[in-house]
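Chain nomenclature is as follows: A, B, C and D, assigned in order of appearance, with residue numbering initiated at 1 for each chain independently.
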Amino acid sequence: MSDSQAVVPTAAHEDIHRPALLHHFATEEQQRDASNLGMWIFLATEVMFFGGLFCAYLIYRHWYFGDFGAASKSINALLGGVNTAVLICSSLTVVLAIWAAQTARRGMMLAMLALTMLFGLVFLGIKGVEYRDKFDENHVPGASFSFEKVPIPSHPDQYANPQHAQIFFALYFIMTGLHALHMVVGLGIFTWLFWMAWKGRFTPEYYTPLEIGGLYWHFVDIVWIYLFPLLYLIDRHP
Amino acid sequence: MATATVPAVEREDYLNKEYGIASWLLTTDHKRIALLYLISITFFFFIGGFFALLIRLELLTPAGDLVQADTYNKLFTQHGQVMVFFFLIPSIPAVLGNFLIPLMVGAKDLAFPRINLLSWYLYIIAGMMMVHCMLTGGVDTGWTFYTPFSTAFSNTKVIEAGLAIFVAGFSSILTGLNFVVTIHRMRAPGLTWSRLPLFVWAHYATSIIQILGTPVIAITLVLVVAERALHLGIFDPKLGGDPLLFQHLFWFYSHPAVYIMILPSMGVVTEIIPCFSRKRVFGYIFVALSSIAIAVFGFLVWAHHMFVAGISVYAALVFSILSYAVAVPSAVKVFNWTATLYKGSIHYSAPMLYAFGFVGLFTIGGLTGLFLSALGVDMHVHDTYFVIAHFHYIMVGGALMGYLGGMHFWWPKISGRLYPEAWARLAALIVFIGFNLTFFPQFILGYVGMPRRYYQYPPEYQVLNVLSTAGATVLAVGYLLPMIYFLWSMRYGKPAPDNPWRAAGLEWMVQSPPTTFNFAEQPVVTWEAYNYDEIDKGYKEEPQLVG
Amino acid sequence: MFDNFPLWPQRASSMAGNVDALFIFLVILSGMMTLLIFVSLVYFAARYRHRKGVLAEQIEGSTPLELTWTIIPFGVFMVIFAWGAVVYFQQRTPPRDATEVYVVGKQWMWKLEHAEGQREINSLHVPVGRDVKLIMTSQDVIHSFFVPDFRIKQDVVPGRYTVTWFRATKAGTYHLFCTQYCGTQHSGMIGSIVVMEPAQYEAWMSGGSTGPLSASGEKMFAELGCATCHRSDSQGRGPNLQGMFGKTVLLEDGRLVTADENYIRESILDPGAKVVRGFKPVMPTFQGLVSEEQLNALVAYVKSLTPPSAPGGRNTAMSSPDSTSGQGSQVQ
Amino acid sequence: MHDHAKSSPLKTYFTVWGALLVGTYLTYKAALIDLGPFNPVVALGIATTKALLVALFFMHLKNASERLLKLVVASTIFFLMILLFLTLTDYMSRPWTITS
């Protein structure tokens, strides 16, 4: 296994002023590698966190495929698609912000961070519209849930079982809801990053927080890349 | 006796560097955080132990006479929840691991000291939620939260308990994350993977489970809470959900969680046995890799908790055969520990007695696991006292024995004081006897048919239950003793030399107790792990251990 | 040993010996292993205790030894696995002609109904030597049906049937326990299995029946209007149910399913889920309209429908001439 | 992980961005065609490709100087698959569902 071990600090090291270096690390390199690995491992945790939901989804989609199709068809796939594109654009602005930090383009870095947050807000806005539609249609699981006489896409002569459709919507709301929660957390992180960038904390030598925050943002993007076809596009074909 | 001269002038160390509440509650020193954990898990251990005693007292007679049925149900539920989530899972990793891993790898601290503190605060928040839940009515679902009982039928505080465990889970995840990054990134120069103490290997394996398993129980509990609050149908058969899906997701974490409890204990024992045998550990690489193998295989066996739950016969076969796969590395460890003793120079110091106890009890616990993964026998003993006995042999006989052994072994390093050796040996003996008296009768009780979680039982099971309750009383004494003499030693104990056992490992090369940043200068490792031959040759006089 | 100090459960079913044999094998095996480890620990600890001037002899390890104690245990484990699997298989495959008893668990009692119509609460009367198949479901939480002296246990899950079986070999009264925690009175959800000599059993059976379960099922079948579509010819809007039970059914979407108790149950409660090929999904759901007991009666009725050509009428368990033989006899 | 890859990361970033948008469009279009059992296969195939693109190029996994990060990712996927597939061994081999 290849990892970096601590390096014995030399006198030369000690002389350099290193504002971002925490006391218990020997070098910036070590500190940066540690943060990077820490984030990746945290993302591993996140994968398993969503993994439990994907597992439940898989089982019930297998059992209640027709009902899932009917329920999925009632969600606005266009909005979902647009949201996918919005998140992809935000991922691009994140890498551009990091590139700007690497190449000392402060203005561009600030602009890209702001754009990322803007895309994030647009995503949440569209999500809100979707949720409102579902609320209006009484598709929110619970006491007022109603999914009567909705035909199954592949068997139009059959109606979906409302209970099974409710399981779909429960998974839909929990999965997209947790994803949206991650977006909100991401927006918080990026607000902080923007503030750090504004104060000039990032240099071509030190932009670790930007990288770490970026990893998180991209991960949230990847989750959505799977959620989109799994939730919006079941049994869509005519 | 005098292995090292203890300086007359008090040295600065992590304990006396600063005083005051804030210097503890806002500390990022891994050693102070370890002590914060020590105090908090000890608190929960005695709560859980108190519940256990009430359970045993209730079972003294066949009739339900001491407490109400509902109270009894809450007692065993919260005994399980407190002991599993608030004592055993954090015990060795968060106390000994936290204290020792940076020392063992030659680092000044864990990779993320502030996250380490955050993890303790999450634990405390979760613990307070749990205590609040207990004080305001408690929860009666069994620690397993099986649906649909937990989601639709129990009228106790399931949501609060679920959220408490959810939060505690994140504490555990962050500890594991911190360990993995520390072990990968912070090792001293020269400290290659093949020179790493096996304690560190064991914690690395534990961390893998914490990182990859815990999030699954977290999301499962979110689903249980949502199901209970909103009746979504995901786990409710009345609404088309499958209660077995809950069991799959629950055990995906909760089986590997057993290895979160036992692996660190194995790590402790692997430090103690070479030290008191004055020998290199037998088959270093096999012991190291068996830790990883246990962590990985541990994820493949969860549905052996569901053989009679209604899974398909095919799935039962798959999970039964995989369960035996995880038994192999456990057996390898036991054989290697035993072989390490061969031709050693064995000292019967208190930590070693705990280690002997561990190996013996873990052997019995592990072997009875073979009974439970044999489909035909599990059909009979599943959910009986046989299972209770089996997992207490692993978790109490194994994990807790290792924890106590580790506490004794490293207490001089942690506190800078020596505990009274004679008392410690006595306590080890009492624990061993009390434990066996408590839990061995339960194997028989299980095979003759007494189901678990029974508040009253047919009279023919009484004699075995009385034996068990008697043992529990002895066991309680065995657990109280170390707490008393550890506390006593903090004030009256003899000051500990830096290396009272002449043990190998970087943690013994720093002063006792260590300074805040552990090492004055970056250590460089040029020796193999457990180089007891070199250590003992290095001493001119007869190797003499304290105690 | 003593009445209040049993060391071994009674061996009162055909399965008990099989489970005990494996258990005893495991006790001996693990006893030997425990002994080996304990004796080595004690011997090494005594033989190699610290002596002045004697240093430990360093041994780094031995790969052949490591391989030995990896491979041999693995081999032994595979034997245990295979043996355990065989016993499990026997327990999971009830003999075809077993007498059927429908079990419904609820907080906190067992409701049992014989195919012949006798209903019991918290007790089950069975004759010695007859295969009894239990078709079980729960109307609230998960329970578990456990008879220690028979060595059988099976969780009883709401929303579906689980099945277990036994053949009692000794007259007597045996504990029936619920072993899946189910709430306040979990430990009160106990009952007894009364095993009687066949003659006594016949005497017991002759009283108190309201007619076979399948007959009440037939009545419901008519009352609920099932017969208008499920006709005994090929003209109905629903499939002809005669002789359907146990057959493989081709579904509308091309899947094949076995028409077992769970399939009948699902088809009554969620008719659209698995529609037989050639039929339209026109059947309404009976979810919420039938209780678990009524559902059992309907299932028993559908099962009793043999093809018209077969002589002997309804194949209730009562009329099967020799229900102790068949598949069960191989389990000795 | 510095320098050599730095010649024109912008070009890579924009190419990947374009590919991701095209992938999204293809996912949508493919869902409208009846491919039988291959609909979910295609959808997940495209999603996985997109996820890989993000991980390799945006999250710089491709340039990561060491194999450790790749090992973290691979083992995470491995354990996720264990969760999904071992659960499926039960569900795919039992014919019944839940009805009450």
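Going forward, contacts are C-beta pairs under 8 Å (C-beta built on N, C-alpha and C of every residue); 3 or more make two chains touch, one makes a residue touch a chain.
Here the structure is a predicted model, which is why all the values come from computation and not from measurement.
Asker: Out of A-B and B-D, which chain pair has the most contact pairs?
Answerer: A-B
Asker: Distance from the CA centroid of chain B to that of chain D, rounded to the nearest Å?
Answerer: 37
Asker: List the centre-to-centre spacing of chain A and chain C in whole Å, with centres computed as mean CA coordinates.
Answerer: About 46 Å, centre to centre.
Asker: Compute the distance, rounded to whole Å, between the mean C-alpha positions of chain C and chain D.
Answerer: Whole-Å distance between the two chain centres: 43.
Asker: Which parts of chain D, given as residue numbers and ranges, touch two or more other chains?
Answerer: As it turns out, chain D has residues touching two or more other chains at 68, 75-76, 79, 83, 87, 97-100.
Asker: Tell me, which residues of chain B touch at least two other chains?
Answerer: Residues 184, 212, 216, 237-238, 240-245, 248, 252, 313 of chain B each touch two or more of the other chains.
Asker: What residues in chain A touch two or more of the other chains?
Answerer: 1, 3-4, 37, 41, 44, 48, 51-52, 55, 59, 63, 161
Asker: Hey, how would you classify the chain contact layout here, line, ring, star, complete or other?
Answerer: Looks like everything touches everything, fully connected.
Asker: Give every residue of chain D touching chain A within the complex, in rising order.
Answerer: Residue list for chain D touching chain A: 6, 9-10, 13-14, 16-17, 20-21, 24-25, 27-28, 31-35, 39-40, 43-44, 46-47, 50-51, 54-55, 57-59, 66-69, 71-73, 75-77, 79-80, 83-84, 87-88, 91-92, 97.
Asker: Looking at the complex, which residues from chain A come into contact with chain D?
Answerer: Touch residues, chain A against chain D: 1-4, 36-37, 40-41, 43-44, 47-48, 51-52, 54-55, 58-59, 62-63, 77, 81, 84-85, 88-89, 91-92, 94-96, 99, 102, 214-215, 218-219, 221-222, 225-226, 228-230, 233, 235-238.
Asker: What does chain D use to touch chain B in their complex?
Answerer: My answer: residues 68, 75-76, 79, 82-83, 86-87, 89-90, 93-94, 97-100.
Asker: What residues of chain A sit close enough to touch chain B in their complex?
Answerer: Per the touch definition, chain A meets chain B at residues 1, 3-9, 22-26, 30, 33-34, 37-38, 41-42, 44-46, 48-53, 55-56, 59-60, 63-64, 141-142, 161, 163-164, 166-167, 170-171, 174, 178.
Asker: Spell out the residues on chain B that touch chain C in their complex, using ranges where they run on.
Answerer: On the chain B side, the touching residues are 64, 69-70, 73, 140-142, 144, 146, 148-149, 152-154, 237-238, 242-244, 277-280, 282-286, 307-310, 313, 316-317, 320-321, 324, 327-328, 331-332, 334-336, 338-339, 341-348, 356, 359-360, 363-364, 367-368, 370-371, 373-380, 382-384, 444, 447-449, 451-464, 532-533, 536-537, 542-543.
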